[in-house]
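Got some structures for you, see below.
Presented sequentially are two complexes of subunit A, the first with subunit B as partner and the second with subunit C.
Our next item is the complex of A and B:
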């Protein structure tokens, strides 16, 4: 047993008071969870502490919170581990972000998370009537969508999505991972329609800025950003959806730009994203960005020489990477449920480590109750 | 006042399946749950769902395994229905989008499970319950025009009309504390089990027996309440479940001396004997000093190829790592039997109808009885879906033939007063959590794998005392928004009612059958006890005991060996 201090963000909408912090001392083994700590504080000291919780085993997705500023399930973080990352040894617990707080650690998931889930038509739309027996599908396809099926709708990724912070209308990581669950499912008959919809929406798949926050936040290894990138690849490459947000063309321009230059040549990227400097589509965009370009010149952020003449050319190593990727027959997809070779020594990393590297930890010692 | 043809309480698999079936039958439906539907405890069913879908398998074989697993206490007519309808239900789930595991040919693939004579368990990695629950919720979102969802509403009482028919419920909106009276032509209880009466338990914190107690309080008889399943593989201390899928995939059990002890108890089925048999064997090893010092035995999953474990048992890799600090692909994990499931519940017929007209029950809250003395692994998901659907259909049928009843307003006023009394309690009583912990630890000691007259009698008097203490337990939260404190006080009352019935049933059954093992009556006694024990309120302090025959169709009781 050890003493831990939990600093909880309290808020009661009925008192008219602003949110405040309150400290609670709890007495538990270090391998017990932050949720166990909060429940002990509620049981012994203050029954009015508000937190949703149920399974205590990271399955039900109720207890999403921020611990020391980072989103997680309260039941999925050990007290000793939380203390390691705590300032002055005090574990802070506050409600998730990007959603309104209802009371203490409880947020309004309906207003944000579930509304976004409903946005992606979250049910299977099969072609034609049900077959007499089961659908015959490749075993790998089911294992593949199981990664997004593993989502428990806890909201941790929504909490720390930077794009959503800037654009509250962004469909967001959880809902787009849910969308992949249908786009990746061979039984669904509306792949093109779903992708077209998500690509054309200005708050859709091209609104993600690759910040990786959702991948780090997810306690179940769903890797929402990876699912978003897969939606993009399928939309752009397989279905050739040329979206009005110019998302797909921008991605292609980026890839070509690096292939050619090795280092990003920014002056080319913008016009190339719109079809090249002299493409009619590019002219208004270039004209529109003139003030920004002039300001950058004025402040010395770029020189005309550097902006126009990019001396760097892609080296052999870059070419080798491109060749390697092009020559692959199948796209390389990282998937938690598609396991690696059997019994490689130290082979935790490829399948287990990729998605939940941030949250995973193998405590060195066995827990006392073992 | 909100009014719906069919009001469903609980939104796990049974409740959601009932809602979809009732809506399809044309009824207006409301589904109400104290948590968001995808938080329901159906999530925790990891291993899979049984169905004799393979052409070489037969529903009769599935039914016989279930009858034998039940130690012949299951009603065979109900078991036949469940097993016969299982294949169709699994296909229905597949068509709705469940991402079931496939064989190399792309057909539905199976895994082995305990007590079964064929591999007939269909699964999604080891998140089957979660996958089913989320897919049903997808369907519920799809039919939002026909099914009204009341998410985070807490039912405080069922209400009856002058004839005694169930005609609605009173519920509290957890978000703002408002109380509402709901009228309904039929009410389906689908609010799950009561594992929180025990500590530790594999059950979630929400499994507080609400529906069992609410139905009991308006006169619905409970049945087989003594039959509490202890799951063979739970983590010591916190009670977290390690799926039976692990043994289905080939994991072995060892005692501290490294003996594969199941050889002594079930030489044929070994680790895949019925759960009651495996749990009793483990407990015997532990009690006789062959366990580890922490009161456990070892589950060795390293027998399963690592690649297979990472693909098919992913969740327990995480659980081992996060909750026990063990890499299950490299070393054994220490486990013990732990409270897991209540076979008993509100007595129903094969359509989910209880003895109270208008009141149905389905899933763990109900006792049809398809599980009898012991439930087979992967039969619980099946039970929730088959009898959820059947009760939804039957309730819709009842609703089609009648006008909307008017639930009596006085009930609403009563419930409002009851809550105000709890919130207005003077301080000084024992803490709710203390009473709950005492109940749970006591039940886990006196009413567990092995039971005695003496222990159960003590349990009975302890519960009487705890009930008194609970009526004045301390309340800290006097607010209206998410007042979880007051809900905790109500849940404690439910748990004590259910706990009392469990103990009464266990005391009454003077034999050993299925999950009930009486050290003072160690043999099964078909002459005197091949019958259900039912309990119902009699207006007094103590529930009345009566008996109900076991329905036999084609399987005569035999000696049970694995």
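Our next item is the complex of A and C:
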């Protein structure tokens, strides 16, 4: 038995007092969880400590908190591991971010997380009449969505989403991962409508800033950002949906820019993202960027010659790779979550990919404290 | 040491002072740069968003070209975004033999092949892991004494930690802190140091993007930082080039200079500020440089 110090963020709105930190000593073995520690403090010292929990086995998703500043499940982090990452050996536990605090470590999941989940119509919308019995699908056609199905709705990704931090209307990582669960489901008949809706929403799939925080936060390896990129890929490449945020056009402009130049020619990227230098859509954008462009010219970051001409051109081999990949009838993708990591080079771990994933095994769940 | 050097696109585009300062600093640290002039853009995550196989093949080609540089110890980059985007592709290529062979088949037309396990390190990682901070500290000619530097890591070089090899034994997410101290400066911790600069959505949601940049710059200002330092040229674009617009979005004057990593190292190693391209910044680093004498502010008789 060892002694650990938990520093809990306390807050009771009805008192009118500001949030504050309070330390609690707990006696538990190091392999017991932070949640066990909080519950002991509540049982022995202060019965008013607010924490939401249920299964204590990292499956119900109730006890999401921030431990030493990082989101996790309180039941999924051992006390000894938490101490290793703690400043001065004191384990800090505070409520998740991006959601209002109801009391102490309990946040209002209804106000943010569940509202956003509802936003993406989180149920199957099949075409045509219901089958007489169940929908029959090939097992391999469902493997691609298993990663998003692993979500336990704990809210850890929502807590640390950096887009949501500045744009609370962003649909967010958990809800968009849930959206992919249906866009990737062959039984669903509304793929285009779902994608159009998520692309048209200015706070939708193109509002994600690529920060990887949700991938880092998720205790279940769902990698919500990767699911958002899949949504973009299918919306743009398969359905050619042009969105209000100009995300698809930007992607197209970027990809073509590299095909042409090998290296990015930034001066073309902005106008091309809006249809070209002389497109009516591009005019206000270029006008708005004029102060930054002039400043860059003034400081000698770029010269007019460099801005207008791009001496670097893509070699034949880069163009050949583009053509080779684009000429394929199907995109070839590898999802390591599904395929699993190989132990040794050359072993026969099955590959993913839309057509060849039959028989793939799921990797072991990420270990605690990872 | 000899490295296969991948400078990326932006360091040769809108932040030429990054590429230039790296070229000045490398010989002082005994780094021989062999530039990968046939390699293409890493894709910055955007090509992967369009087509994963295309991004993986282009980067596998870059890795294969790096592997051909005779006598090179490893591949080095100077852009966090390149590091992150390339690490993601490399994770897939290294993680599955069949996939790697599939990609190599495409490269074979050029006589290239990627072999698993190439070491691709950002200049920051290379300094700490290959050269050593003690050695770098011993080379300092103009210590950054009295200079309060806020590290701005950006996203791609710190997340996801398992992909980037960050753990207790290899705490790459603290290297900027350690380097600033090794150069004699004072680290300023502030809320935004590990957050996103907002650049990836600058064309899609400009308000949100600049709010991110403005907020982090403001947080650093409130923590009394003299300047920020970043290992990412894309972060530099949003934090420096766009800073006048970010000021408008967050409604406060900022005036926070942002240094590229090799510029900070070069200053401490005694290089001339103009040689390091510090005059090319939108926010002039007047808090860092005394332009009349080319010494650090607040450092009497330095250099």
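One rule holds in what follows: the second predicted complex is superposed on the first by the 284 of 370 C-alpha atoms of A that agree within 3 Å, B and C clash if a C-alpha of one lies under 4 Å from a C-alpha of the other, contacts with A are read in each partner's own complex, and residues count from 1 in each chain.
One rule holds for everything that comes next: a contact is a pair of C-beta atoms (placed from the backbone, for glycine too) under 8 Å apart; a residue touches a chain by one contact, two chains touch by 3 or more.
Worth saying up front: this structure is predicted, and the values here are computed from it rather than measured.
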item	value
Which superposed partner A:299 touches (first subunit B, second subunit C, both, neither)	second
Subunit B versus subunit C as contact partner of A:122, first or second or both or neither	first
Which of subunit B and subunit C A:47 touches, first, second, both or neither	first
Partner chain(s) touched by A:149 [first = subunit B, second = subunit C, both, neither]	first
Which superposed partner A:90 touches (first subunit B, second subunit C, both, neither)	neither
Touched partner set for A:31, first subunit B, second subunit C, both or neither	first
Intersection of the subunit A residues that touch subunit B with those that touch subunit C	336, 339, 341-342, 351, 370
Subunit A residues within the subunit B interface of the complex	12-14, 31-32, 42-44, 46-48, 50, 52-62, 76, 78, 102-104, 106, 109-110, 117-118, 122-124, 126, 130-131, 133-139, 142-143, 145-146, 149-153, 182, 185, 187-188, 336-343, 351-352, 360-363, 365-367, 369-370
Complex interface listing, subunit C residues touching subunit A	9-10, 12-17, 38, 40-41, 43-54, 56-58, 61, 84, 91-92, 95-99, 102, 106-107, 109-110, 116, 155-156, 159-162, 168, 195-196, 198, 200-201, 203-205, 207-209, 211-212, 215, 241-242, 244-245, 279-282
In the complex with subunit C, residue positions of subunit A that touch it	84, 162-163, 165-167, 170, 202-203, 206-213, 215-216, 229, 232-233, 236-237, 245-247, 250-252, 254-255, 258, 262-266, 270, 273, 285, 291-292, 295-296, 299-302, 314-315, 317-318, 320-322, 324-326, 328, 331-334, 336, 339, 341-342, 345-347, 349, 351, 370
For the subunit B and subunit A complex, residues of the former touching the latter	35-36, 38-41, 43-44, 91, 94-97, 99-109, 124-125, 127, 130-131, 134-135, 138-139, 141-142, 151, 175, 204-206, 235-238, 240-241, 294, 296, 305-308, 310-311, 314-315, 317-319, 321-327, 333-334, 431-434, 474-485, 488
